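In the two complexes that follow, chain A is the common piece, with chain B as its partner first and chain C second.
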Partner chain A sequence: MEFSTEDKGSYTEVSATGRLNMVAAPRLREIVGDVVSAGGKRIVVNLAGTSFMDSSGLGALIGCLKLARQSGGDLRIAAAQPQVTMVLELTSMHRVLTPHRTPEEAFAGE
Partner chain B sequence: MTVAPQVRRALVVEDDVDIRGLLVQVLTREGFEVSEAATAREGLEKARAGADLITLDLNLPDGDGVEVCREVRTFSDAYILMITARTDEIERLTGLETGADDYISKPFSPRELVARIKSLFRRQSRQAEADVVNADDRLRAAEVQQNLLPRDQLTLEDYELAGRFRPSRSVGGDFYDWYGTRDGLHLTVADAMGKGMGAALIAATVRATMRSVAAQPSIETAFATAARATEADLDQNDSFVTLFHGRLHAATGTVSYVDAGHGLALHVAADGGVTRLPSAGPPVGAWPDQTWSPGTAILQPGDSLAIVSDGLMDIYETVAQFTDAVAGVVTAMGSADAACAALLALADVPEVADDVTVVVLRRFPI
Partner chain C sequence: MNDVLARRTLEEPASEQAIEDLHGILDQLWNDAAFVPALDQMAFATAVIEAASNVVQHGVPAEGATLLLGVELTVSAERLRAVISEIGAEAMDPVPDLDPPPAEVFPEDGTLPHEDESGRGLFMIRALVTTVTVEREGDTNIWVLSRDSGGA
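Now for the complex of A and B:
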């Protein structure tokens, strides 16, 4: 899995490309941790390139959301592909991690 | 467990036909049973079949060798030798956590390759003693986990019940449990986040906690009590567990259930019609301050309840496809046990890298 981080002005976008599984999960936590430590409050994880997510990947997203909230910020997800959406819905986690259509829309109007 | 002298298996993942041929030749001469793959996809598939040594080309037509290497590491302890076309790549690679054991650059001489492989396996034999202890531990842990599964055939008039659990490693994060009650039975299917030993420890804790609330008459209260008791431990470990807990009242066929983020329990009617029982909230430990409302399903004579873990989902694109496939198997099979065996067989493909659990409760037709 490849990650990239980009400052978009009103939020920081973290793009995750590949399979978000047990191997990639700790790296996502690390990357989002770095953004939060650097003072990033609004984070959007762009999942357009995430073809697969397992329970460890979901755990990482939840951990990142908790981390962002604890530091007074928020984390949202965008452009989730069908398999990722399916995992979120099966686990009812879409109520907490609601996928937004595009990264731009995630914090729009706030 | 002792390491018996057996045929060592090597896998060559390389798209260049000539280099692949050379590698196969060298490794065969070194006494390996060699299989080969020309693409990342094929390589992963064959790696899942098992290998002691994998040579992995960095530049494959359909993927990055580093990614393949990381992926292989999620399920295999094979010695991985990465092969790159450029010497300067090695410096970059050693800085990354690829999971590879050694690197070699092209062009390499067969003698250099043999020397590397011999040194890899020398290192392995030095580690062998420690490995034997670890392997003993793993074997024992696997035994303990299997023994925590319900072994008694539950004899309940008009019903049959069967379950199967196949961990992706020696132990796993799934479990199922059941026990008889005065008017029927309780059953639980759960899946702790992740795989391996950590997930297995969580699973064992959750099993014990769920059993501890068996005497509470209200399923909602019982579940909430168990969830509260587990949440702190789960949070401490950045983990969560999906849970299906059901209680059967045998005389009426009523199953009260609570589903926390599991979402893969199916009510298969005698005529093959199927209803998926949706989850009532997130997995336990995933998010604070959750409550889960119980649901009800009524098993008429000939109906079945099939609860599957998400490992089997790996082979289906959509929940609808999964639902139809499971319902088809449950309807076609003559017994709960045969249905479980057939469902586990479905998961016996390389795409399924996760633990797999199936439980089937069937009410006999009149």
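Now for the complex of A and C:
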């Protein structure tokens, strides 16, 4: 899985391309941890290129959400593909991590 | 109709690389069995990866043994089946709870759910396949997952 981060002005976008599984999950935690340490408050994880997510990946997203909120910020997800949406809904985690259609919409109007 | 229409296997040391390789043979399986509906492919593949990840993360090698992950995936007209073997392993202790409670609902008080994914992974497997069993045979723990599929 490839990660990239980009400062979008009002938020930091973390793009995750590939499979968010037990191999990639610890790296997502590191990357979001770095963004939070650098003072990033609003984080959007762009899942447009995430073809697969398992419970490890979901656990990492929840951990990243906690980290962002503990530092007074928030983390949102966008552009979830069908398999990711299935996992979120199956586990009811879409209530905590509600997918936004696009990264731009995740914090729009706030 | 239980004739096997597509089959893929893997056996290698239980490692992160084995999980990546398993994704690869799942993709090959769907190339060979494109008639399987996308929803069935997605649900079955997710359950298979969860079970295999459980082997890699929680499997304990028997004394002097190298822990291997073995996978056999078969597609028949109405069924997807995976036999996932934890080879050269100690017996599972405790045996995984294959009837775990429903995934925790987001608490009303605004706290966040636990990050612990092992319980969530087992819940997902149970929810995504029609039957799941775990058995011990010799030095091997064997998961058998099957999902009825309306493909053919």
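The rule is short, and it goes like this: the second predicted complex is superposed on the first by the 110 of 110 C-alpha atoms of A that agree within 3 Å, B and C clash if a C-alpha of one lies under 4 Å from a C-alpha of the other, contacts with A are read in each partner's own complex, and residues count from 1 in each chain.
Basically, a residue touches a chain if its C-beta (ideal position, glycine included) is under 8 Å from a C-beta of that chain, and two chains touch if they have at least 3 such contacts.
Computed from a prediction, not measured in an experiment: that's the story for all the values here.
In the superposition on chain A, A:Gly63 makes contact with both chain B and chain C. Judged by the touch definition given at the top, the superposed model places A:Pro82 against both chain B and chain C. Look at A:Thr91: by the touch rule set out above, it reaches both chain B and chain C. After overlaying the two complexes on the shared chain, residue contacts for A:Asp54 are found with chain B and with chain C alike. Once the two complexes are laid over each other on the shared chain, residue contacts for A:Ala108 go to neither chain B nor chain C.
Contacts of A:Met22 after superposition: both chain B and chain C are touched. Comparing which residues of chain A touch chain B with which touch chain C, the overlap comprises 19, 21-23, 54-56, 58-59, 62-63, 82-83, 86-87, 90-93, 95-96. In the complex of the two chains, the chain A residues touching chain B come out as 1, 18-19, 21-24, 54-56, 58-59, 62-63, 82-83, 86-87, 89-93, 95-96.
Interface of chain A with chain C (complex): residues 19, 21-23, 52, 54-56, 58-60, 62-63, 65-66, 69, 82-83, 86-87, 90-93, 95-96.
The touching residues of chain C, when paired with chain A in their complex, are 16, 19-20, 23, 38, 42-43, 45-46, 49-50, 53, 56-57, 103-106, 112-118, 120-121, 123-124, 127-128. For chain B in complex with chain A, the touching residues are 67, 70-71, 73-74, 173, 191, 193-195, 238-240, 242, 261-264, 279-283, 286-287, 310, 313, 317-319, 354.
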